[in-house]
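These are the structures in question, set out in turn.
Below are two complexes that have chain A in common, paired first with chain B and then with chain C.
== the complex of A and B ==
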């Protein structure tokens, strides 16, 4: 067995151990340790990605001496490795780039605990990428639920605590629905491992047995994970959760945690239910409609809010809508587009959440549009990065946002029929709305005249340093890479989806 | 229209955010809280939206809300019941489930060395899930520490004395003779019972989680009977952190070793022992002890954090 096969296990166990270790370290040491650990993990996951891509097949790794249906196992294909790699890169950039705000927002005696939670969260993200067992998925969903509330309350102001309570209640509702769905599936199939479950479900479906419980189980699993990631009617918790948390938390919550639940759903759809059965289920059609509603409703909410962080947070609801629309479409092209959008949105949204607090910092710590006027000149780096990310969100060519819109269009054309027209109309309308609120912000931060600051401007001595500019530059480059070389990412995604069987 | 557009551009329209923004940093005094509550109430009552709601007859809307809530709950219950009635009978119709269960029951003893099959299942067959599960508890402890441990942000220095003096006097039960007498008799028994459950996890029902919970309960009773001062003498934050760290990292590394040797088909050199003896079942006993210690520390940590915002008095 090649040594690379051990790497997925290392990523999980090392992160769990680091979570415990960071509790014992001092704040700054914990941060440096976390950065080094994540760099090491990026190397490991890249090796796994390279190995599975060149080998052309996935491998399973049994956890302990007992083989799969009796023991646990994890599985690594090139799609899992790609997702894990993207998550780690975004996590590393958010930790480094958000440090100047983390140091201000979080009490000094608790910074080590904050990094402890971030490491546990990384462990859960990794485990959810690698899992091959639906119950292992649930265990790490629990860790992700707790840690996402932990990074939110770490700022210790009233609004994050309120937001955390709301987020916790909805999250637990989602976990409960997911667990209920897993129990129903277990009762139907008698297994927790994905491949045997799939075989059992195919037999049941062909025999016409248990179709109602099967549909219900998939329905509540989808709704449970949808609540957790902010699917359309359940997206109103987003602005305070993403926008009020300390920037690292906001970036990580919006671009990684919600995507991790969606990736788990994609895995369940492909590897447990199977694409043919999924397309026949009403759940897929409902998800398609909810996704389209989310695209419009999220943007509408983003237009109505009065501060920049809430706007960026609500735009996540619209982007999550895109992803769910792709999943609801049901064809392989729709899933390719959805996974590409997961990657593109992860690098863009984390960049936005790293730039907005700096813009607010030079505008008297106010996130209000009125006060932000001209902040692009006062914080030139942040203004430029914000503009680039905003252009990507709108879908200007050469950026990732454009490529994902093209991919959704191709998926719609593959499908044909009334869905093609619906998707094209929704994409056009959503792009218009995106332009309305993102360009309005870009124009405002680059408007010098008539700036009326209500609060005094406090600038940090020396401005921003490399540890702020470098991660933002890396995220922008990743964005450009996804935009210019989207064929490379699509190739890996399609190959990875092919390995799912 | 023009004015409305400008208001939208400036982000000037929402009132509640301003109130929320300015409040809730640190612990406000009673007067500011009252003033803010009045301001928020005024803003809500006089906002155009609430005026419109009043005009529309909010009472009708509220009844409609109740009706819709009850209706949707009833429909959901109906759908769930209908689907559950369509499930196959467990263990009779779906034969696939037996495959896993049979091996656990028939070969569990020889493969794991544990007389208690459940312990063998959670700590040997499906040890990876349990590794995650024990870190769930640790995560919860860290979250509670972030939220409740006293620091400059969640504690007003003016209120420090209030908490230390007034609250301890009202809620400190250590002077109660009945509680103290009963506690001193009970605590050794509870601890013995907890240790018994912990050490016999692989032989009889019990194990790390349940034994640790019993021991944690014993510590809480001791603490309420004798007061925090006695406990602080031996149980500090440093000790608690070191114990948790040692137990959980032992868990991670021991299980990591087993996972790696198992997956690479190497021999793992951990003796199984004779089934039924106290020193048997390979790693299950040490892992039970590690989990039990973590659970006990976490239970007491929760109690201490909720009572006075610290573990071990600092």
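== the complex of A and C ==
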């Protein structure tokens, strides 16, 4: 067994261990430790990505060397490695770039606990990317839920408590449904590992038995994970949750946590149910419709709000809609587009959440649009990064947003029929709406005259340092990379999807 | 249909419990009652799992009197899953109760509609 086979397990175990260790460290030390840890993890995951990509096949690591139907397994292909790598990079950039706000928002004595929770969250993200066992998936879904509540309420103001309660209630509904779905699947197949489950499901489906319970179980799982990731009509908790948390948390929650649930769903669809069976299920069609509705409804809500963070948060609802539309389409091209959009949106949305608090900082600590007038001049770096990210969200060529829209278009053309027209119309309409609210905001932050600043700008908190600019630049470069070299990412994604069998 | 429901009355009851808990968690205004609903919901799933895992006439999977025949024992995995689920449910309940305490300290009510109205009233922005 090559040594690199151990790395996926190392990433999980190291994060879990660091979660405990950070509780004993002092605040700043915990931060530095977390940054070093994440850099090490990035190296490990890159090694896994390189190994699986060059080997052209995935590997399965059985814990305790128990053979297939009994043990617990970790499985790494190049898609899992790519997702884990993207998650770690975004996490690292959010931790470094959000530090100046974290230090202000969180009590000095509790910062080590914040990093402890972040490390546990990373462990859950990694485990959900690697696991080959559906019940392990459930356990880490719950850990992710608890830790996301933790990073949300780390900023102790009233609104975050209320936001956390609402977020947790919806998440608990989602977890309950997901657990019931997993239990139903277990009862039907008698297995928890994905490969034997898939074999049993294929057998059942071919024999025409248990079609109703299988569809029910998949429906429950899909709705459960959909609620947790903010699928339309369950997206109303987003602005409070993402917008009120400290910027690092907001970036991590919107770009990683919700994506992690979606990736688990994609794994279940491919590796447990199988693509052919998924396409025959009505669940896929319902998901398609909900995705389209989300694309429009999320943008509509984003237009109405008067606060920049709520707008950015509601635009997540629209982007989640894109991803679910791709999954609901059911073809491999749809999944490729959805996964590409997961990556593109993760780097863009985290950048947006890192820039908005700085824009607010130079506008009298207000996130309202009318106070942000001209803030692009007062905080030139943030203004520029915000504009680049906004252009990507709209879908201007050379940015990631453009490539993912092209990929969705190609997937729709592959599918043909009425869905092609629906998707093209939805894409066009959603792009228009995106232009309406993102470009409006960009123009506003670069318009000096007529500024109606109600509160005087007390002082302009010092300039920004490399620890703010560097992560934002890395995220922007990642965005440009995904936009300019989308073929490379698509190649890895397609190869990884091919390894799913 | 009815016959199936009657012969699987434990599972049917479990799903009813799940439904009760789910609606309570979704629709009840009071946070503590929501949490009770969540616990009922989880208990429903555990009952479902436990009843599916039990086969009448068989024994717990501990080899006694030298009987090694597989048919004599039940599968221990569902029980293990129930235990894991209980642990998860307990920790989620603990976190939610802590959150309720914090919410109550700030707003002096557990009625979520009231909390929301209060929060809008005092216009907490940032």
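As a convention for this text, the second predicted complex is superposed on the first by the 495 of 501 C-alpha atoms of A that agree within 3 Å, B and C clash if a C-alpha of one lies under 4 Å from a C-alpha of the other, contacts with A are read in each partner's own complex, and residues count from 1 in each chain.
Note that a contact is a pair of C-beta atoms (placed from the backbone, for glycine too) under 8 Å apart; a residue touches a chain by one contact, two chains touch by 3 or more.
Here the structure is a predicted model, which is why all the values come from computation and not from measurement.
Engineer: Once chain A of both complexes is superposed, is A:187 in touch with chain B (first), chain C (second), both, or neither?
Structural biologist: both
Engineer: I'd like to know which partner A:34 touches here: chain B for first, chain C for second, both or neither.
Structural biologist: neither
Engineer: Please determine whether it is chain B or chain C that touches the greater number of chain A residues.
Structural biologist: Partner touching more chain A residues in the overlay: B.
Engineer: Have a look at where A:382 lands relative to chain B and chain C in the superposition and call it first, second, both or neither.
Structural biologist: Touch partners of A:382: none, neither chain B nor chain C.
Engineer: So, does A:159 touch the first partner chain B, the second partner chain C, both, or neither?
Structural biologist: both
Engineer: With the two structures laid over each other on chain A, which partner does A:69 touch: chain B (first), chain C (second), both, or neither?
Structural biologist: Only chain B; A:69 stays clear of chain C.
Engineer: Touching A:142, do we find chain B (first), chain C (second), both, or neither?
Structural biologist: both
Engineer: Which residues of chain A are in contact with chain B in one complex and with chain C in the other?
Structural biologist: Shared contact residues on chain A (touching chain B in one complex, chain C in the other): 135, 139, 142, 146, 149-150, 153, 157-159, 161, 187, 307, 368.
Engineer: Considering only the defined contacts, which chain B positions touch chain A in the complex?
Structural biologist: Interface residues on chain B, with respect to chain A: 8-14, 17, 20-21, 23-25, 79-80, 82-84, 86-88, 90, 94-100, 103-104, 111, 124-129, 131-133, 135-136, 138-140, 142-143, 145-147, 149, 151-154, 241-242, 244-245, 248-249, 252-253, 255-256, 258-265, 268.
Engineer: Would you pull the chain A residues touching chain C in the complex into a rising list?
Structural biologist: 135, 138-139, 142, 145-146, 149-150, 153, 157-159, 161-162, 164-166, 168-169, 172-173, 175-177, 179-180, 183, 186-187, 192, 244, 307, 360, 365-368
Engineer: Can you tell me which positions in chain A touch chain B when the two form their complex?
Structural biologist: These residues of chain A touch chain B: 1, 5-6, 9, 13, 16-17, 19-21, 23-24, 61-66, 69-72, 74, 107, 109-110, 113-114, 116-117, 120, 123-124, 127, 133, 135-136, 139-140, 142-143, 146-147, 149-150, 153-154, 156-159, 161, 184, 187-191, 196, 200, 209-210, 212-213, 216, 303, 305-307, 368-370, 440, 444.
Engineer: Report the residues of chain C in contact with chain A in the complex, numbered from low to high.
Structural biologist: Going by the criterion above, the answer is residues 18, 21-22, 25-26, 31, 34, 38, 41-42, 45, 48-49, 52, 77-78, 81, 84-85, 88, 91-92, 95-96, 99-100, 102-103, 106-107, 112, 115-116, 119, 122, 124-126.
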